[in-house]
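I'd like to ask some things about the structure below.
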Amino acid sequence: MSSTGASIIDELPGPDGRRPLSGDQAGTGRLGDRIFKAAASGAGGIVVVLVVLVGAFLLITAIPALRGNTANFFTSRDFTTSPLHFGIVQLLWTTVMSSIIALVIAVPFAIAIALFLTQYAPRWLARPGAAVIDLLAAVPSIVYGLWGAYVVAPKFVPVQDAIQTVFGWVPFLKGVPSVSGGTTILFVGLILSIMILPIITAISREVFAQTPMTHKEGAIALGATKWEMIRTAVLPFGKPGVISASMLGLGRALGETIAVMLILSTIPNGAPWTWSFFNGGSTFASLIASNAPEAISDMRQMGAYIAAGLVLFVLTFVVNVIARVIIERRKAFTE
Amino acid sequence: MNTKRIGAAATLALAGSLSLAACGSASNGGSTTSSSSTGASDTASSSCGTAPIKSSGSTAQQNAMDQAIAAYTAKCASAKVTYNGVGSGQGITDFIGKQTAFAGSDSALSPDKGEPAKAQAACGSPAWDLPMVVGPIAVAYNVKGVSKLTLTPDLIAKIFSGKITKWDDPAIAARNSGVSLPATPISVFFRSDSSGTTDNFTKYMNTVDPTDWPTKHNKSWDGKVGQGKPKSAGVGQAVQATDGGITYAEWSYAIVNKLNMAELDSGAGPVALTPETAGKAIAAATQTGTGNDLSLKLDYKTKAAGVYPIVLATYEIVCSKYADPTVAANVKAFLTYMASSEFQGTLASVGSAPLPPAFQTKVQAAIQAIS
Amino acid sequence: MTTTTPEIERPIVPGLGGRSASRTVKNTVATAAVWLAFLIALIPLVWILWTVFSRGFGSLLHVSWWQKDQSGAGAPAFDHSLRGARHAVVGTLLMGLATAVIAIPIAVLTAIYLVEYGRGRVARAVSFMVDIMSGIPSIVAALFVYAVWVTTLGWTLIPLCSSLALVLLMVPVVTRSSEEMIKLVPNELREASYALGVPKWRTILRVVLPTCFSGIVTGALLGLARVMGETAPLLLLASYTQYLNQNVFSGSMAALPTLINTQSLNIAVPIAADRVWGAACTLIILVLAMNLLGRFIARFAKVHK
């Protein structure tokens, strides 16, 4: 087992032939240890209880609406709550695509910036540089929303038009005339990538900075160039941290509410469907946020939106399982 | 300080100073006369609340409500009224959940959803819907070179349902002789958030032209064309930025976004949206509530001359008898001010229409009956 | 730190020490790319800050911005007085403080549990729940609190409810970042401490946490920065008010995001736009100030050690 925090004393037999101290028994049962352990476990327990409660709340609210649903929940693109006729295809597509676009843009940048700040930047620049990137995290999402919708989107129209002209033959990049003003899935992905950049960068930076000097020196001593040193020492060391950071970023992108709501054009239920990134749409979170204030007076209607929220919940679940598998496999591979 | 704040609005400053004088002399609850017919005679004697009251609901009346609160607190320094534009649905939920003293809503409590019963349970007495602000819905457009446009009910339904897609469509041109319409495609913008405005506008289209708009009214958009933008600010901004854009928005937001508004020809010639033409629609409405419950049914199909029928009656939903008499006194004081012709007269400048005088009287009588 | 044996994939280049041209080129390209990435990332940053500061900083220069609330504000087309954001600044700080006070202990303790105590299935479950929690969209967190507080318990909403919803959003962020930081503390330190007979809990408190203190503070502040700018939960829970309220246990309380939201309804009107961008500017400066404070604390702690 490679987890940190475990100690060699976990494996050695204790004095007087007592059974080996393993993990949580590294302390020897002193009062302080017991209290502290209880507090830590209790906090973990609170997290579990909260998540279970939220899940239960989602389920309980969603079930009546799902029972009354006249459309297929998994295959319908419509979302109407009076009468209840809703499916998640459009939401799932928009949510996943905008987040993936965000991740695809943000992760390479985040890694590069983190490397820059920890390995390349001159000393005088490293600290302020890090602070500057952190600044992006200081901008609240509603400001990103207003900025994106009112300032950037109009300027982004020519860029999108250019992409459509050049790459219009790619099915995902076909122009969608009914969505104007640049407020497309692609554009939301771009804004989301800016929003999640600081969180991925910050963690990657911390992790890269902790690369043991011996590893780096070893690589250099073996004649590696700086880039080879990074590729062989820094990146492998930081990989689990970067993945974990990316997942945090992805979680934020999937659940981002107010910025998406302000920026993304929604499309009407009956609109002709296209898989293009230049389409509009709603994400799970933006749909719920724009409709909850009116729907909350009617729990059956609310249930339809909550059912969508439940899918988002499950989606995050799946993403995390995948991330975990990646991390675990990586560990096994290294050892 | 207070007069300085509202100094920009001459009418209001006048009203404020008049009633400031009145405020000092007024005693407490029940002193208000509800004559309020046509004259300016009733600018006086509404009393001031003293305790803070909390309310929430429709964003359609947010601007009117802000204005009312500003003017009311200008004359009653001791009063504190909070109104939160969270949406009618949450406004009603907050009210039923005893979070607020009254709710602002774009529609009366709906018996289908069992809301009157729930509200009665929360109040311990029947809840009343009091129409307070008339919010006309403007059909706002942006077509280069077109500053005057006349639409008919079926043209509106055809445009918003996507059956007419170009501005120079013969059907539009037939109603707008003398206007040179470009071949710009029509971009329909609708509200992406659920809203009472959408609900009323779709109700209008479904009533006047069920062939072109067959779906029932809905708080979220049921059309087949167009794109959704958040809130009135979003649709307003989108139309402003898009040549060929058209949307529906509360009048106040059409004004602040400086949008052109279409005139409506329901059969007796084009009618522009003015406080008078919108007020007439309310005057022609029938009361569906009983007693002091003044919920209204609007006559969208009216062919009467000079009526602009796409209006939204926004209600304040109150308890007929509050458990706490101080709350009752405060709510009464504030609503009495809101329903006074002194305040209603200033509504046009914030993009709402005043209640017709006959209605003001009814509403005042109902407010007096609150205990 | 056992996972990280570096694998030198490429054997030493044959020949007498000279680097092949392709390696040099790769190295140069990588250096250029990394610099470029940093410079490109500055574009949106400069742009958004320029937008916010050029439009909003003017408002902040009015004394009344910091001294007054928005009481008496009328409809924007009517009203030309900027007034202030004191109510929203105070509200944001108080709600942020309440959130931090609840969330940070839970998050850091959970992280400690995950790294130092948790083993096997239970720990995996907790760790997994943290991931799930990070996927709760802010609006769902708000609906959950609303459902529990109002619908189930029948209580009146108080500003603390917003903090509770924000706690749900903040805990996973801070737990994850703290966990990463605690994991990075070399095991040798722990072992050295155990060897000296220091109990585990004292080892954690006196050795592990101080070592990664700055990382934890950074993570906590990033988390707090995220939730202080959250808007969606506040819309549902913290009914906006024009008046100053300094009590998180009663009434309604304004916050900068809700001030922005309310005024943005009329963003086409100059006075409302001034308030919107002014509030945005204030919020950014506030979060920034907190970040600087956090850095200062972190550095101070290091020196102290």
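Residue numbering begins at 1 within each chain, and the chains themselves are lettered A, B and C in the order written.
Going forward, a contact is a pair of C-beta atoms (placed from the backbone, for glycine too) under 8 Å apart; a residue touches a chain by one contact, two chains touch by 3 or more.
Note that the structure is a prediction, hence the values are computed from the model and not measured.
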Would you indicate which pair of chains has the most C-beta pairs in contact?
A-C
Farthest chain from chain C, going by the mean of C-alpha atoms per chain?
B
Indicate the whole-number Å distance between the mean C-alpha point of chain A and the mean C-alpha point of chain C.
15
Between chain B and chain C, the Cα-mean centres are separated in Å by 40
Residues of chain A that touch at least two other chains are 150, 292-293, 296
Touching two or more other chains - residues of chain C
235-236, 264, 267
Going by residue number, chain B touches two or more other chains at 86, 90, 237
Would you tell me which residues of chain A are touching chain C in their complex?
2-9, 22-24, 26-28, 30, 32-33, 35-37, 39-48, 50-55, 57-58, 61, 108-109, 112-113, 115-117, 119-121, 129, 131-144, 146-147, 150-152, 194, 197-199, 202-203, 206-207, 210-212, 215, 218-219, 222-228, 230, 232-233, 236-237, 240-241, 244-245, 247-248, 251-252, 254-258, 284-285, 288-289, 292-293, 296, 302, 306, 309, 312-313, 315-317, 319-320, 323-324, 331, 334-335
Touching residues (chain side chain B, partner chain C) in the complex:
2, 4-6, 8-9, 12, 52, 54, 56, 59, 62-64, 66-67, 69-71, 73-74, 80, 82, 84-86, 90, 94, 97-100, 231-233, 236-237, 240, 252-253, 255-258, 349-351
Of all residues in chain C, those that touch chain B in their complex:
71-81, 83, 150-151, 154, 156-157, 235-236, 239-243, 251-252, 262, 264-269
Could you pull out which chain B residues touch chain A in their complex?
86-90, 92-93, 96, 113, 115, 185, 187, 190, 192-196, 216, 218-230, 234, 237-238, 241-242
Which residues of chain C touch chain A in their complex?
1-10, 12-13, 17, 19, 23-24, 26-27, 30-31, 33-38, 40-42, 44-45, 47-49, 51-52, 105-110, 112-119, 122-123, 125-126, 128-141, 143-144, 146-148, 168, 171-173, 175-177, 180-185, 187, 190-191, 194, 199-202, 204-205, 215, 218-219, 222, 225-226, 228-232, 235-236, 256-257, 260-261, 264, 267, 276, 280, 283-284, 287-288, 291, 295
